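Here you go, one structure.
Chain nomenclature is as follows: A, B, C, D, E and F, assigned in order of appearance, with residue numbering initiated at 1 for each chain independently.
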């Protein structure tokens, strides 16, 4: 279990725990709004730009296209099986919202995994950032489709505003900034990188510490609501990411990814969205209860992944890859 | 036209376009307030400090004094001719406000031109930052003077609060911070520079990307209002900067500036203010319509200058200077 | 007096003066909220992390333990003598609040002293950051204890909510972040430092400039309220820090601190809190008037210390230490 | 002074644009918007401390005639039903030159 | 439409959590909170431009029944006495489906 | 409980200082200020998303006597005429100890 302890000596992780501790001891520590939103925009900008610059070196090879395809496939499959697992227990609305949540991804989990890898001296390829951008939206559409199909018979009156939904899914602020930065990074390459890297690279880890401090505060505050979700959903929040991780590790092996890329691909599949998806669900499935799906993603799956999931996946991958 | 395409491979410019695109596709991307204001304070602080440090090296030579004089002269002349061009068309109030807008300068246009120059491997002298600081306020005073003269006969009741106006013109936040940073940079020289340059120099281009992303969003949102302004004002927004640029290029040649300095001087003359001037005009000429003058400066002249004006001016200067 | 002039050529100091000047000339310059709070969180994070990393090198030696003990002792003694000095003049409530204010510390004064030292080429030891963290809270508790003792006879009804008070004293946001960053810095050592130092070290001085600019604005705005405080309290705001500084210099000599550490220890004792203490006093001694204690700390003691106190103390220490 | 209706609406922040468009269609002569409102109601606590706007509210104030107020009420009701919130109508005097 | 009481409270920001808890205990069916209010009153100017929250206020709006409004008034009074601020009660019509 | 007038004013943010000074001169016993208000009115949309404060509004609430309310109305009118905005006066009960 030493890899778990190692993970905990990472400054970003320790700041996450510090944030949780602040709530526990009822400290009034908080990062005033809109500072957390700004940090989150910064992280998307930085990770997108970097990924784009690396893509400009590698180009899009058939191997890369295959991985991107696999990523989108996972983003489509996960919400389907999740939905059928859930609908009997929590109703169609919540099932659709939770399914979308787990099909989509969490950029901060990805970034934290990158920092973890980095600390072990391993890197990962830039196209995985493209995979992340591609995985963010489709699960939302699948979730809403499943919801509409299950609802069809009942309410003809209630109608989904598809243009608005697609806009919210594909052009929502975080997806848009990530994709835009990726494209600009790819277009400007090494020259662009030189210009922005003191901001996007130099400060990255320090900013991640501050952001995870805030995530710790927000996650711990939400923990109080978890009892409402009940044991089944709590189990889901940990179990489904593990299943998805197992699938992803298998796929990575099949596709011949190296250890770093395999971990990052796995983390994408295992993570759950708490930024893009809730925003879309409010509109498309307004009766789904955000106290369920946001709390699960933010207060259970995210901490589980960053504290335990990432090092476990890495240990498994390291062992399998030999 | 390859210089136009080159300009577009600059990351800051691409982020400006990304911001416009976000509005176009109705993405909800936005930099939450007061982040844009903070970025703008940062840019003034950084550019001012740097200019001051360079001034501390060069000192104020007669040649520099001459250029500063020419800069102030342009800031006085441009609003006068603009006013008489405009008053028949849009009335005295709007004419005064627009005149002041085009006589004053836009720091972000200046900064973007600096980044453009930088990408071509050319620098510019620090005293041009002093020229910028000197050009920001006089046009405001001229605009209001012209307005008072034209109005004299009609309304004796309505009175300009000159102390407030002068305060708003010369001590308004952005002028004050720019000038103050310049003076502090000049006073502390190389030693001060060492202390602050990781912030003011290292991060500069990256921050400029984020700021132009916001400018793109704001400019595109304002574009909707442009129809109100009509064809005459739209033509003015592009034509007058070109005329001013031509004048400035001529003056630069006369004064024997080198290519980099000539471009920066030209950009000062060709740019229009959307921060300092509107703040002062609200008070002094409250009946002028900000939908006109702010929209023209922000949604037409600024994009025109950064996308097209700067590279064109540079091409012309490069050709003339041989 | 050349050391005073030298101090004034420090960029952070000059920005403090620029902020005061902005208020004087009625400029509308301001750093929009919550930017100043963010800068202040950044400074605590950076200084705490750095101190922790250095502590991870030195460990806690008996000598360090002794200095930490002396620091806490000063934080307990200063409010006691201050209280008895004050209660006859300003009543029990205000006396308690002011006493706590002067027993506690101001992180920004400490940081400014660090930048001052740095400019003279001298460093200081990381454990002094721990001393700062330890001195922040005890004075609050002492102040409230004195208040309760003096009040006992009169109002049995009015009761102090001790759990809330202790929480506010020891877990208030700034204390918590400083201590947490210190511990994380100590835990992750050199490796953690590498990850975060571009943010925490590279940008430190530049950020300090911006923060002091805001402090200058806030302090100057508060200066208007100072007449209310009267001559006695104005004298107290300057005299008591000087007395505390003299005591601290003596103690430093006794404990054999080197020049840098002596200055920093002295500055801790001489500074007064305007962040942690007022927050706690509002609750515990709500009838104390913040126009007194906040104004004294922020608009008199802070400017006095950064402009005059630090260089004087350093001159005295340099002479005594020979 | 002129008698007017004060209409106040609180609802989820993500519906801001839709709400304002509805107000303009209903003939509101103007409105004032305060963003970043927190709240509590049937749908639990809405914190304004999140990374997304989903848990944020918006507060809007409209001064208008009785007529327009009724049209606003009708326009706002489906939004409140779908997304939650409140709409209060009270009386006031408007100071005008 | 249903007749309700509008209760508005302004007090110091550091008491926000305590105030909201008191409102919930008094039976408020909901409330809306606007932070970062500045102000002026018996305790002088409160600027919201400080480095601490001590000089900041919070504004809270509650729509409720007459009954609950009275209980809120009783719950809020000691807070106002200790920390300052105001509490206003007025009449409104609530638009509900 | 005491009957008071609630005076609400919305105008351009750049006039904040002048407005507050006018309120104090008119005898307002206190006021509460909410900055960063957006809005719409005769002068179009005012976005609060700009780089300058020019397109931002400020909201001010005053609880006062009828008398003071009238003096405030008189003091505010020229500001509204010059810079735009609204001023609403309504009735409320003030909870005081």
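Definition applied: a residue touches a chain if its C-beta (ideal position, glycine included) is under 8 Å from a C-beta of that chain, and two chains touch if they have at least 3 such contacts.
Predicted model, so just to flag it, every value in this text is computed and none were measured.
Novice: Any chance you could name the chains that touch subunit A and subunit F both?
Specialist: B, D
Novice: Please find the path from subunit A to subunit E through touching chains that uses the fewest steps, and give that number.
Specialist: 2
Novice: Between B-F and E-F, which chain pair is linked by more C-beta pairs in contact?
Specialist: More contacting C-beta pairs are found at E-F.
Novice: Over half of the interface residue numbers used by both subunit D and subunit F, so same, or under half, so different?
Specialist: Result for this pair: different.
Novice: If you average the Cα atoms of subunit A and of subunit C to get two centres, how far apart are those centres in Å?
Specialist: Result: the chain centres lie 41 Å from each other.
Novice: Averaged over CA atoms, how far is the centre of subunit A from the centre of subunit D? Could you give it in whole Å?
Specialist: Chain centroid spacing, subunit A to subunit D, equals 34 Å.
Novice: So which stretches of subunit B touch two or more other chains?
Specialist: Where subunit B meets two or more other chains at a single residue, that happens at 30, 33, 37, 198, 202-203, 279.
Novice: Among the residues of subunit F, which ones contact at least 2 other chains?
Specialist: Within subunit F, residues 34, 36, 48, 90-91 contact more than one other chain.
Novice: Mind giving me all the chain pairs that touch?
Specialist: Pairs satisfying the touch definition: A-B, A-C, A-D, B-C, B-F, C-E, D-E, D-F, E-F.
Novice: Within the complex, which stretch of subunit E touches subunit D?
Specialist: It is residues 1, 4, 6, 20, 24, 28-35, 61, 63, 90-97 of subunit E that touch subunit D.
Novice: Considering only the defined contacts, which subunit D positions touch subunit E in the complex?
Specialist: That would be residues 8, 10, 34, 36-42, 48, 57, 59, 73, 76-77, 80-81, 86-91 of subunit D.
Novice: Which of the residues in subunit B end up touching subunit A in this complex?
Specialist: 9-11, 14-15, 18, 21-22, 25-33, 35, 115, 119, 198, 202-203, 205-207, 209-210
Novice: Along subunit E, where are the residues that touch subunit C in the complex?
Specialist: The touching residues are 12, 14, 36, 43-44, 47-55, 82-83.
Novice: If we count contacts the way the header does, which residues on subunit C are in touch with subunit E in the complex?
Specialist: Counting only subunit C, the residues touching subunit E are 30, 33, 36-37, 40, 215, 218, 221, 225, 274-275, 278-279, 282-283, 286, 289-291, 294.
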